[in-house]
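Chain IDs A, B and C follow the sequence of writing; residue 1 opens each chain.
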Amino acid sequence: MKTRHYQESLWYFTFCASGILLAGVLIAILGLLLFRGSNELTWEFLTTGPKGLFLGMEGGIYPAIMGTIALLVIATSAATLPALATAVYLTEYSTSSRFSWVIDIIIRSMVGLPSILIGLFGYAFFVLYLDFGISLISGALTLAIMVFPTLVILMRDALCSVNADYRLAGLLLGVSRWYILRRVVLPQAAPSLFGAVLLAMGHAAGATAPIMVTAAVIAARAPSRLLEPVMALPYHLYILFSQYVSLEKAYATALILVVLLLTFNVLSVALRLLLPGKEGFKL
Amino acid sequence: MINIEKLSTFFFREQVLYDITARFRSYSVSAIIGPSGGGKTTLLKSINRTAELIAGYRHCGKIYVNNQDIFDLPDGAAVRRMAGLVLQKPVALPFSIKENVLFGPRYYGGTDQSTLEATVEHVLTAVGLWSEVKDKLHAPARELSGGQLQRLAIARILAVDPQILLLDEPCSSLDINSTRLIEDLILQLSKHLTVVIVTHNLNQAKRIADTTYFMQAGCMLESNKTERLFAQPELPATQEFLAHF
Amino acid sequence: MTIDYIDKAAQWFCTIIAVLMVCLLLSLFVFIAKESLPIWLTEGVITIIAGSSWAPLTTPPRIGILTMFLSTLWASCGAMAIAVPLGICCAVFLSEFAPLWASFAIRTTLRVLTGIPSVVYGFLGASVVIPWYEKIVGLSSGESLFCASLVLSIMVVPYIVAGTYTALQAIPDEYRETGYSLGVSPVHVTCRILLPIARRNMVSSISLAFGRAAGETMAVLMLAGNTLTLPFSWFSKGEPLSALIALEIGSADVGSPHYQGIFAAGLLLLLLTSVISFAINYTNIRGRQP
C-alpha cells in the first residue's frame, strides 16, 4: 500500500503541475508581449505608415490597422446574413430531418478546415478565376468563407437556447414561425448572436494564411478601393519578423493584434452575460 | 456500535444537521425515517466521511465507532472502507461483474488469484447472486437488472470486509420482488454487521428495523424500538408524521 | 386559414441560402481536387505521395511531396504526443482536484489562449523558444519540427483540456461516490473509473486537435525550417504541407505542373484533416451511447 501511496501522490502532483504550467504559459506570453512591445506603442506608431530603409523599420502600422479593420468589416458583413439564414433554416424551417442532418454535419466538418486551404481556394477562385487580383475584396470574401461554418454553429446554438416554451406559446396562438422569430426568438437571442459575430471577427482578424495569398502585401496605403491590395496586421507581423526588419516593432504589432482579439473575445462574452433576456448561458 | 455525539454539519453558511446525538447498536438494523430534506443522507455520509469530499462541508461534534473518533483518523479512506455506503440508484462500474466485485480488493493489494476468486464466490453467494451470475462473471455489469445491480453493489462493499453497512433508500427504485430480496439480505447481514438504513417506506422500517430514528429538519427528534415508536410516538412531530401514513 | 406569405418567403429564403452555402463549401473540395487532377493523372498517385524530390520547375518537373507529408506528420503527431498527456492531466486537475476558483481561473486562461492568433504563436516561438533551444542544445540554427511541435502543442492543448473537462464533468457523481465508499482514493477513482467512461468524448476532442495541428500554417512556417530534405527525425528541419502551399502558390504559373502540384499537396492535407473530422462527427452523432 505504501507504493500505491507514492504512486498516487505522484499522479496528484502531475495533475496539479500541469494545470499551473498552462496558466503560467499564458501569463508568460502576455507578459512578454507587454514588456517588449509597449515601448513602441506611441501615437506615431498607430497613426503613420511604415517608413525607413527597409519598410517598417521606422514609422508605424496605420495602414495595416486600417487594412485589418476593412477586411474584418467586409468579411463579417458578407458572412453574417448567410450564416443567420442557415442557422434559422437548421433550427426553424427544415422540413426533412435527414437533409438538415446532412447540412449540419457538413458544416461541422468544415469548422476545423485548415485556413490555408481556404486561402488556396480563395486564390484560385477570387484572385484568378474572377480576376479580382490580390485585393481587399478577395481577402475579405475568403475570410468570410473561413468564418462562415463557425458562425453558423454559434448562431444555431444561440437560437436553440432560446426557451422552447416561447415557441410553443406562439404556435399555440396560431402565429407563423416567422412572426415568432421576429418578435420573440431573434430579440431573445440577439446578445448571443452579436457575440457570435464578434467572435467571428476575432477569428478573421487573426487569420494570416488566407490573406497572405489573397490580399495582403508588404506595403500599401490605407485601404480605399476594393480591388486594391492591403496591408494587414498579422501579415505585417510575419514580415517584420521573418524578414528581420524590426524585432521591437514586431512585438508591438503582436501586442496590438492580441489586444484587439482579446477585446473581441471579452466583448463577446460580456454581451452574453450582461444583456438581459437570456436564461442561462454557455461560454 | 456507532456513537454520534452532538454532530452539527454545515454547507457553506447553512447549517444542515443540528446537534445530532444517537447510538446505533452493533449487529442490528437501525432505520432512519423522516420527511425529505431532513438531513438523513447527510448523516449517513458523515458517518462514512464521504460528506467532507464536497466543497463547503464543515462539521463539529464527534462520531465514535467502537470507541474511536472517526474524525481523528487522518485518512477518510480507511473509514469509508469500514463503513460502506449503498446508494439509492446502484451504479455499475464500467467493468465486468467479477471486476466490479474485485474493484476494492484489488486496490488493497490483493493479487492471489485463488483468494480473489474465493472472495467473488463468497460475497456473491452472500447476496444471493451467485446462482444467477456464476456463468457470466465476465459479462459487463451494466447488463444486470436494477435489483441485481443493487445486490451487486452490496457485494462490492462486502468484498472489502466492512463493519458497518449504510444504505440510503436502497429499494426506492426497485420492484416488490427485488425489494423483498434486499430486505431479506439486510436481515441476514445484520447478524455480523451494524446496519443503518434510511428509508421512506415506513412498512419497510417496521419489517426489518430493530430500532427506528425519526429525523426532521436536521434534528434527531425521537428514537425507540421500532414497535414502540410506531405504536406510541412521544413527540407531536413524530405523531403527525406517522399519522400521514 | 390564412397563408402567411412572409413566413413562406422566409422559409424559402433560408432554405435556399443554406443549400447554396453548403454547395459553396463542398465546391471547395471539388475545386481543389479538380485543379490537382491533371498532375495526379500524369505522375500517378504513388509517385507524388512517395516521391521525395520536389523540383517543380525543372524539366521534367519532379513533384514529390513526401517531404512535406512527413513534415506535417512529425509536427502534428509530435504536438499531440506533448499535448495529449498534458491536456488530460490538466483537465483531470480542473475537474476533480482543483478548488473551484482555481478551476475557473485556469479554464478562463485556456479560453484566452485560444484567442491568440497563430501568427503570434509563431512569432513568439521563433523569437523566444528557438533561441532557448539553440542555447540548450548548442545548435546555430534551432528551427526544427520539434520546436514547431512544442509551439503547436500549446496551441492545441486548450481544446483537449476543454473536451476532456466536459467529458469528466458529464459523469454523474454517483460513480465517484461508489468508488469513494469502498475506501478507494480519488486518484484511483479518476484513473480507473472516470477516465475509461470519458474515453469516447475525449477521443473526439483529441481528433479535432490533431486536425488543427496538422492544418496549422503560420506557426510551422516560422518554426519548422522550411527545407526540402526528407525529415528523418523529429529534430530535423522540414516543410509541412501547409507551409509549402503558403510559400509557393503566389509564384506558381496557373495551370503549370507547379501549380497543380501545390493543389495536390492541398488535397492531401484536406483529406488528412477532413476525413478525420468527418469521421468523428459521424460517430459522435450516430453512436450516442454511454
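Please note the rule applied: a residue touches a chain if its C-beta (ideal position, glycine included) is under 8 Å from a C-beta of that chain, and two chains touch if they have at least 3 such contacts.
Please read these numbers as outputs of a predicted model, since none were measured by experiment.
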**Message:** Among the chains here, which has the CA centroid at the largest distance from chain B's centroid?
**Reply:** A
**Fill in**
Closest to the centroid of all CA atoms, by its own CA mean, is chain C
**Item:** Gap in Å, rounded to a whole number, between the CA centres of chain C and chain A
**Value:** 17
**Asked** Between chain B and chain C, what's the gap in Å when you average each chain's C-alpha atoms?
**Response** 49
**Centre distance in Å when chain A and chain B are each reduced to the mean of their C-alpha atoms** = 54
**Item:** Contacts with two or more other chains, residues of chain B listed in rising order
**Value:** 107-108
**Item:** chain C: positions in contact with at least two other chains
**Value:** 185, 188
**Asked** Contact residues on chain C for chain A in the complex?
**Response** 4, 6-7, 10-11, 13-15, 17-22, 24-26, 28, 31-32, 35, 86, 89-90, 92-94, 96-98, 102, 105-106, 109-113, 115-120, 122-124, 126-128, 154, 157-158, 161, 185, 187-188, 191, 208, 211-212, 214-218, 221-222, 242, 245-246, 249-250, 254, 262-263, 266, 269-270, 273-274, 277-278, 281-282, 285
**Asked** Along chain B, where are the residues that touch chain C in the complex?
**Response** 48, 50, 53, 55, 77-82, 84-87, 89, 91, 93-94, 103-104, 107-108, 153, 156-157, 160
**Request:** Enumerate the contact residues on chain A facing chain C in the complex.
**Result:** 8, 11-12, 14-19, 21-23, 25-27, 29, 32-33, 81-83, 85-86, 88-90, 92-94, 101, 103, 105-121, 123-125, 128, 145, 148-149, 152, 176-179, 181, 202, 205-209, 212-213, 234-235, 237-238, 241-242, 247, 250-251, 254, 257-258, 261-262, 264-265, 283
**Asked** Which residues, counting only chain C, touch chain B once they are in their complex?
**Response** 99-100, 174-175, 177-186, 188, 192-193, 196-197
